[in-house]
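Scrolling down, you'll hit the structures one after another.
Presented sequentially are two complexes of chain A, the first with chain B as partner and the second with chain C.
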Partner chain A sequence: MPIHDQGYRRYGGHKARTGTGWMVIARAGIRTFIGKRAFLGLLMLAWAPFLVRAVQFYAAANFTSIPQASILAPSAETFRQFLEQQQTFVFFVTVYVGAGLIANDRRANALQIYLSKPLTRAEYILGKLAILMTFLALVTWLPAILLLIVQIAFAGNFTFFKANVFLFPAITLFAFIQIALASATMLALSSLSKSSRYVAILYAAVIFFTQAVYGVLYAVTRSTALSWLSFSANLAQVGDVIFRLPLKYDTPWPVSLLVIVGLVAGSALILERRVRGIEVVS
Partner chain B sequence: MAEGDPVVTLEGVTVTYGKNRALRDVTSSFAAGAVGLLGPNGAGKSTMLKALLGFIVPERGRLRVLGLDVAESPLEIRARVGYMPENDAHIPGMNAVSFVAYCGELAGLPRVDAMQRAHEMLFYVGLGEARYRNVDTYSTGMKQRIKLAQALVHDPDLLFLDEPTNGMDPKGRDEMLELVRDLAHNKGVSLILSSHLLPDVEYTCDHVVVMDKGAIAASGPIAALKQPRGRVYELRIKTAGELDLFVERLRASGLDCKQTDEDVMRVFVPGEGGAHELFALAAAARVQVRHLRPSVPTLEDVFAHAVGEA
Partner chain C sequence: MSQPTRSAATPGMLSSAMRIFDLSLGQMLWSRRSVFLGVLLGGPVAIAIVLRVFDTLHAAGFKVNGAVVGGSSIFGMMIWLLFIRFIVPVLGVFYGTSLIADEVDDKTITYLFTRPIPRSAVLVGKYLAYLACTVLLVLPSVMLMFFLVAPTGGGSIGAAFPSLLADLGMLAVGLAAYGAVFALVGTRLKRPLVVGLVFAFGWEPAVLLFPGYLRRLTIAYYMQALVTHEMPQDSAVSMLLQIFHEVPSLWTSLLCLAGIIAVSLWLAGRAVEQREYVLEQ
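And now, the complex of A and B:
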């Protein structure tokens, strides 16, 4: 009797109801990246600004007798600046994690494997989004919220928190917009190609090209009204509104918000068209 | 779904890619057990399987799999169906056992069960020793086997196998066919085997659906289709430039004729005429018959007859 005759038996166990496939994708994706040393190094590096800010908060809380320490005192702007600094790590994590999320699956024809399982296209996209959004939250929302807690711990009172109670929702909302924009655009770009390198270059080009175009137009017109052309400037404009800070650009913030919403909607449209079980070449 | 009901039914299904009509008003049903979906390349076999999985929405018509409507319950269907795609397909960056277990989890198996079945399936398909190797490093034959393993891991009631022996060496091909046959005949898994290779279908399946140019050309139990509605002869004639003329005469008289060698052909004589009719035609064409032997119809004859290649 061939050995393989001993291998197959019918399954009598329980199967999960449909709708949970996205969690399987997310879990597997997160596990894969956590197993990569280079990525863990990037994550640790992304927490370096948190440590610097924590030291700043400690100094501000414990060296009040030194007049210069007052410049270290945290404000709403401190948290806004922190999230803006994290934008660099958002870029690198987005490129590292996101570029291959769909591109690699397309290269290996994995989409027809995924979609032949009890899994909708929306669940597949949600699972992939969850991977990227989890890691982006780890370098934006989580350290910012922890900083807020650290500030309370070092100060030993809730005075700052009570005076800036809007900071918790502000951090959450801004981090969410930051994460959603980066994740949606990267995932859409990833669905356009079978090469993760090409996707990474494309993403970098989108970020830097839009900034460069705005920079050139600013140099010519000396007006910041065209800041809506820049990916990063739109995010900065909306961030300033959320953190109740003076606006940096002349573009009305609803326009910047609209551009962000448009980019996310456009990305969703691309994903809807590109994530399919078959590819019809006309 | 009652016992004896077809596992798949199609009612007037039309699928169009741009201007190309891949399936033309197809109405058919597939019985439980092993059914071969046979046809030349471009006949619409893969399109049919993809429509049954819900990957393609047909322009017209209705598809049912395991008693469920594809348009209404695609997820319920996919939970009970295993699909082995034609092209090389895997999830990059995973070793074999992780990949198959992952597919099991995606199909709804608990993690522990998925891992256990992944090991079993990999042994079953003959990849037990290579199960910790990265799938990216697998040979074509090994990739075919792992595609079968991922299709089986959740214990489907119905398997769609799209050209499962593509790119395999003769030994691997025989082993794959043995597995397919075993699944259908000993393990109680119904399957639809799409192939353009007649011997593969003949060896593994009990029923066949022959497709050509997006339509069903013939269907039924292989044994019944091979029953002669006439007789098949192996014929050899003396050639002196009159071969083409003779072949034309045979065809003009309504006989299916397929050349197997320069002067050897298989001729299907419908009705009761038999050898007399052949001799009469040869005499009329002044062709000398050197060899005439009754032959058993093969699936190749059925196929050739159905797609008009004779």
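And now, the complex of A and C:
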């Protein structure tokens, strides 16, 4: 029997473009969560404040003859308040989506499988980050921008928009900071454990415990200078600067911004350390 | 061949629960969770140390609107803001929802359910272990905090001591009530933690702001009656809470909390008895 050449043939198929692997992870993750009815319910609930604000804008635009309706008139602060209200939903969506993103992969030892594919660690993290950021944008940036469009539609003119043209970049920037902070922190915590429940409770502890500690120090000192200790107070401080509103706390806003940047950088460092295909045990 | 004879009768509910209690208490105390618990309970003590050091270095003490704040007032604020609003609910959610869910996740529930003990004894035993573990760790933290903070601002430990005892009792009752409710959530639902967090940090704070009967569907409403300290005004929400502040009588609260604990545990026990836990492969 003749023995043929047993060499390898070169791959004749198409090569996927490098740097697009994260899209596969993101698409699969988004599709998984959209298929969950409980999660869809949470997303719909997160849009309830949008409906309330839309009714408010309708009343402000159409009942101008009633003097009391003037209190319903939108302002830059209205949009700021809207994004602040959405913080609650940001928390729950982050916990629901983000807690298991890396923890479940670590639990199932799937990280090694992911990283044995033509996929870099950065792409893996980006893909996971994209899942969470997409859903958070759905409850923050998208409704806020739609609210701006709804205002123009109900008013039938561009007067408000022209007078507050900074609102579009302000909403985009603040929503991005809000989303980036929540996503980076949650993903870093998710990489620290194999239990998604443990991760969720750690995230809740970070948010509420820092707020409670600041609350105690405020109650004792009656000074808001220590607001940088609180996760949400830092976000509020930076938000007020972006929306050109008077600041709530005595902490200089660059300090709040520095804390936020530090948290994101710290999260990136944790992710760099924890997301590895092989653990070398010394 | 003769049939094997049963050397002893099937153990009863109480003895079975105590066996599970023994087993679970060790697991709870020596786990990674204890690190979380330690950090959580070490935080208030660390704050108390900072306040004490500050008070020692600055003889003028802490002043609010020009008046010196007494140590017992600061202690009261810390009990409200750190323990009642955060630590007690979060411990209830964390431990309560994972009593059964942890065994399901680790695929070890089968080993417990194949023992000749009532299934509900597993839940009761684990609940008692949770209660012992959290109470044994929370109460010393509160006591340390008390001894560090109470003497500041000219306060007296002796005068404030009765309120400490009331606080310790209130926290133990709170841990029992939250733990029982979240144990029920943990046995009934697939994603208990998210539901627990929604209840503790979404539903409870929101509903307490509304006048009417809705607030009676919270644990915090009944807990408020057991607190001897004045509610702090640290935010706009706290001020609103004080406007709508309506508390039931002490005995009504205790009775309702006892009812919540008993009913929740009974329902959770029934759920464990009847539910088929499918382990993911």
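Methods note: the second predicted complex is superposed on the first by the 265 of 282 C-alpha atoms of A that agree within 3 Å, B and C clash if a C-alpha of one lies under 4 Å from a C-alpha of the other, contacts with A are read in each partner's own complex, and residues count from 1 in each chain.
Everything below uses one rule, namely that a contact is a pair of C-beta atoms (placed from the backbone, for glycine too) under 8 Å apart; a residue touches a chain by one contact, two chains touch by 3 or more.
Source: prediction; values computed, not measured.
Legend: residue contacts after superposition of the two complexes on their common chain; A:96 is shown touching chain C, with no touch to chain B. By the document's definition of touching, of the two partners only chain B reaches A:120; chain C does not. By the touch criterion defined above, A:222 reaches chain C but does not reach chain B. When the two structures are aligned on the shared chain, A:38 is found in touch with chain C, with no touch to chain B. In the superposition on chain A, contact is made by A:25 with chain B only, not with chain C. With both structures placed on the common chain, the touch criterion links A:198 to chain C but leaves chain B unconnected. In the superposition on chain A, A:112 makes contact with chain B only, not with chain C.
For chain A, the partner touching the most residues, choosing from chain B and chain C, is B.
In the superposition on chain A, A:9 makes contact with chain B only, while chain C stays out of contact range.
Overlaid on A, the two complexes show chain B and chain C touching no common residue of chain A.
Within the complex, the chain C residues that touch chain A are 32-33, 36, 40, 43, 47, 51, 62, 64-65, 69, 74, 77-78, 81-82, 85-86, 90, 93-94, 97-98, 101, 105, 191, 193-194, 197-198, 201-202, 232-235. The residues of chain A lying in touch with chain B in their complex are 2-11, 13-18, 20-21, 24-25, 28, 32, 100, 104-105, 107-110, 112-120, 276-278, 280, 282.
Of all residues in chain A, only 38, 88, 91-92, 95-96, 99, 195, 197-198, 200-202, 204-205, 208-209, 212-213, 215-222 touch chain C in the complex they form. Of all the residues in chain B, the ones that touch chain A in their complex are 17-18, 50, 53-56, 75-76, 78-79, 81-83, 85, 87-93, 102-103, 105-110, 113, 117, 120-121, 123-126, 136, 150-152, 154-155, 178-179, 182-183, 186-188.
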